[in-house]
Amino acid sequence: MPGLEDLYREIILDHYRSPRNRGELPAPPATRVEGFNPLCGDEIVVFVEVADGAVSDIRIGGQGCSISQSSASMMSAAVKGRTLDEVQALTRSFKAMMSIHEQSLDGEGEVVIEADPDVKLGDLEALRGVVKFPVRIKCATLSWNTLLQAIEESAASR
Amino acid sequence: MPGLEDLYREIILDHYRSPRNRGELPAPPATRVEGFNPLCGDEIVVFVEVADGAVSDIRIGGQGCSISQSSASMMSAAVKGRTLDEVQALTRSFKAMMSIHEQSLDGEGEVVIEADPDVKLGDLEALRGVVKFPVRIKCATLSWNTLLQAIEESAASR
Amino acid sequence: MAMSVGDPLEVAAIKKDFPILEREVHGGRLVYLDSANTSQKPQAVLDAMDRYYTQSNANVHRGTYLIAEEATAGLEGARAKVARFIGAKRNREVIFTKNATEALNLVAKAWGRAHLQAGDAVVLTELEHHANIVPWHQLAEEVGIELRWIPLGGDGHLDLTHLDRLVDGAKVVSFTAMSNVLGTMLPVERLTAAAHDAGAIAVVDASQHVPHVSTDVSAWGADFVAFTGHKMCGPTGIGVLWGTEAILDDTPPFITGGEMILNVTKEGFTANELPWKFEAGTPPIAEAVGLGAAVDYLSGLGMEAVREHEVSLTGYALRSLTERFGEQIQIHGPSEPAERGGVMSFTYADLHPHDLTQVFDQHGVCVRAGHHCAKVLMRQLGVAATARASLYVYNDEADVDAMADAITDAATFFGV
Amino acid sequence: MAMSVGDPLEVAAIKKDFPILEREVHGGRLVYLDSANTSQKPQAVLDAMDRYYTQSNANVHRGTYLIAEEATAGLEGARAKVARFIGAKRNREVIFTKNATEALNLVAKAWGRAHLQAGDAVVLTELEHHANIVPWHQLAEEVGIELRWIPLGGDGHLDLTHLDRLVDGAKVVSFTAMSNVLGTMLPVERLTAAAHDAGAIAVVDASQHVPHVSTDVSAWGADFVAFTGHKMCGPTGIGVLWGTEAILDDTPPFITGGEMILNVTKEGFTANELPWKFEAGTPPIAEAVGLGAAVDYLSGLGMEAVREHEVSLTGYALRSLTERFGEQIQIHGPSEPAERGGVMSFTYADLHPHDLTQVFDQHGVCVRAGHHCAKVLMRQLGVAATARASLYVYNDEADVDAMADAITDAATFFGV
């Protein structure tokens, strides 16, 4: 079955079957944010604790397909202990890999996000094949958008 | 120009150029009702006086195309002095000629109106050609519908 | 290829009427099992629209010239066809909208705003599509109506134990005629009668019913019935709201502008008569012509035969999937094919439906995964998503078998 | 046949792109002069829709399978094309509606209900189409806003003498970019600036502008811009509302249901992000694909060339009709072709427009007679109806001449 292996790399299935950082954190002090994929019904819950400008702890709840679940699991492993700046850079690089277009800062049309060449995606590289399946891109990015929102809310609540 | 002569018979153009019963009546005692053809903007004003169950006087105002104006003019001549029953029968026969379908009394679908064989349409026969020009049927019937409404309102106001 | 003996439809011939079914995807044939989402279109419908555009395209109800008269006849002829198809008593009871969603919004907002006030109750069911929920939520926010829910019972049916209490004092009972997730056929006449007994109006979302089951809105006794063109072999961009003349006359206009007025001044406006009062602006003319052709197509097949075909094919699907996959597959909804439409929501083992249907795609099998715009129902079912296969006139047992093969393949691929 | 030397468009070739123009009516060729009402469609647009239906028809934003992805790409690709065509900064600022009328209703009702209250003023012009009047009348009845009118001045232009006083304290200034009766091009940027200076939002009805004149909504500086697909070589059943992201974010959803939600529970709902928040239910998918092809077609001709062609042909028409009929013909609107679009409303002697255009039909000449959904303007002009000829890319001097011949014939027939 050509193509499917591009999407479902072994490491993805591994994270799907054994998700890292699954669970909850008491909120507060943690921030809890739910994310929805309106198309398929996937729901993700991100619990994040920010201390000294870094993600001190993170947990993932909710349910979804292998792509959204494994992306969340890999994300949680990748951001734990990182500074918020590092998390931002990682998110940008991940979205760049997903070929997400965003509006440019001066509002002149939409631009392709450029990856930071210094950021290493590690395991997350396995999700590169998702780009060939446009409907699934939202599955892969759901947890990231939810994390960004959680970090914003945690900043706002201080 | 084949076809146009079917629509614009000489008698129609005559009524258009020299409309009968053009003008106004003081209302009250007359009843005044405006009719609109929403498609072309034609507006007709019917002034009708009902006494002893008959149309004792009628005047026509407003503006419109040759078909709506001549139909109104012929109508005014045809109904003046007639009993309300005769006006109803005449209207039915006129609409039958226009192949207007109306909902049947028991509500079961729409039925073709049957003309009363005893009713003579006279000059109004000249409007028969309008049927071949469906958009113009509303022009021909505008004054009739306005008259019916005026008669209804005059009954209600007593 | 498995062929059903005695199928009331000649599916092999019907498939040829639908050009898209000749398409190859991923090197194999297209197996379209997502007609509850949108149906495919027969060539006759495309031809009717092309003929309209290349012969008679003009705006309607306006021009004195020939092609404008033809365009008007096309639109109004389509209205008459639809009226006959659903058993409407009068053509003017058929209002063209852009889809079923607009039709239901018209009811909730135009009729609802005019007739409901704070504290009034509207009864829905847990089976509803979002199109029959969200407009009522908006009205609840705006005027403070109360929503009540007829609960899901066993085997995909409603639990009607407390129906009388639920409708008591309600002003509206609004419900789907057939669930787009479970296929459940609701007891429309019973619900309509219960509504009327309680002094409420009955609104039926027939989006899944009209395409598949012979429909008689007058026999239903409903006040409003909504459905959508693209699920019944018609084009996108057109839906229908049917209402009794009495209730439509008692409903203020919704979307307003040109074509729906008798007069406009700086001070105000006077609305035109039915049906135009509700059709502001240029209507979906080509789409109406296409919908008329779709109605002709379905009438040609015969709605009784369509229904028989779907009952028998649904029976085959339920049997063969259960035989083949046993406990691994969980199919929601009524177990009795005669009590349901050809819509089957299912899950397989612990495979996420999204992953399952992704494998299906590799087999050319088109099946939708998700919440199917029925999140209230999904919560009641205790699932976030299902895979949903849905059948129509062009499907046969070979299509069902192709999906079953794809399930086997997915199970192997994911090692479950 | 009169041919314009140096016409920026090759009309003879363009005519061949529009299959309906090959049609015979009453034994002669079809002379279509009613494009302000609805335009004809080039084969490329019909082909794009047929290709969609025969290759990729599926519901959008839902399926994980190939044709659903293609359908989604078709819809979103069309959105991007439209955004580029009108100078939108972001695709998500482009909302697909069923027509311009729905777009203007969305503004008056969704934005208006949320932001206007009793006593607030909305400024319109006497040139407006009913689509930009009646929704505001409804809002006036509902919440008690006050309508103010920028009056008609000389030569078909607005009288802007008291503009500052009219917009003072207003919340909305809503106006057409080009009159559908007189062809008048309004000073959009000036009106938009006046609105903003007064703290009002600026709403532009560009239904007659986008098809004929290169449009840059961002340069206009407007808040909302509405237009319709069927007047710009696109299909029926689709319109567009453009709005700045800021104002769209500040507008509650209008029509609601599936596809426009993030979540729905029994208690309430959360709306999705732009543009889907405003696109409830199955969108006009094939129609969007067709509109995208229409935009490609017009871009291929070049909107500068389209405009130049229309200015020159309008000039020819104004000159030749005046030369030929002198005092007998009264043509409304700006006398200077550069200040107007190719829309000419006229009356001939005391012939009623309906009778005039009935004779036109015998010559295959399609011209509309009536109030053109602008009864407020008709009253200002002091007429109940006009005949209206309107030009587009496929018209040439021979078409204008054919209408002139038909006028002569009507004059003879009616003996005026």
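For reference, chains read A, B, C and D in written order, and residue numbers begin at 1 within each chain.
We adopt the following convention: a residue touches a chain if its C-beta (ideal position, glycine included) is under 8 Å from a C-beta of that chain, and two chains touch if they have at least 3 such contacts.
Being a predicted model, the structure only gives us computed values, none of them experimental.
Chemist: Cα centroid separation between subunit A and subunit D, in whole Å?
Modeler: Here the centre of subunit D sits 44 Å away from the centre of subunit A.
Chemist: Distance-wise, how many Å sit between the C-alpha centres of subunit A and subunit C, to the nearest whole number?
Modeler: The computed centroid separation for subunit A versus subunit C comes out at 36 Å.
Chemist: Just curious, how far off is subunit D from subunit C if you go by their C-alpha centres, in Å?
Modeler: 32
Chemist: Which whole number of Å gives the spacing of the CA centres of subunit A and subunit B?
Modeler: Chain centroid spacing, subunit A to subunit B, equals 73 Å.
Chemist: Among the residues of subunit A, which ones contact at least 2 other chains?
Modeler: Each of 39, 133, 136 in subunit A touches at least two other chains.
Chemist: Please list all residues of subunit C that touch 2 or more other chains.
Modeler: Where subunit C meets two or more other chains at a single residue, that happens at 26, 62-64, 68, 261, 263, 354, 358, 369-370, 375.
Chemist: Going by the touch rule set out above, what shape does the chain contact graph take here: line, ring, star, complete or other?
Modeler: other
Chemist: Run through the chains and report each pair that touches.
Modeler: Final set of chain pairs in contact is A-C, A-D, B-C, B-D, C-D.
Chemist: Touching subunit B in the complex: which residues of subunit D?
Modeler: 26, 352-355, 358-359, 362, 369-371, 375, 378, 384-385, 409, 413-414
Chemist: Where on subunit A is subunit D touching in the complex?
Modeler: Spelled out, the residues of subunit A in touch with subunit D are 36, 38-39, 103, 107-110, 133-136.
Chemist: Across the complex, what residues on subunit B touch subunit D?
Modeler: Going by the criterion above, the answer is residues 1-4, 7-8, 13, 39-43, 63-67, 69, 133, 136, 139.
Chemist: Can you name the residues of subunit C that touch subunit D in the complex?
Modeler: Interface residues on the subunit C side: 19-20, 23, 25-26, 30, 34, 37-38, 40-41, 46, 49-50, 53-59, 62-68, 98-102, 104-105, 129-135, 137-138, 140-141, 147, 149, 228, 230, 235-239, 253, 255-261, 263-266, 268-269, 280-287, 354, 357-358, 360-361, 364-370, 373, 375-376, 379.
Chemist: Would you tell me which residues of subunit C are touching subunit B in their complex?
Modeler: Within the complex, subunit C contacts subunit B at residues 61-64, 68-69, 72-73, 89-91, 261-263, 270, 272, 276.
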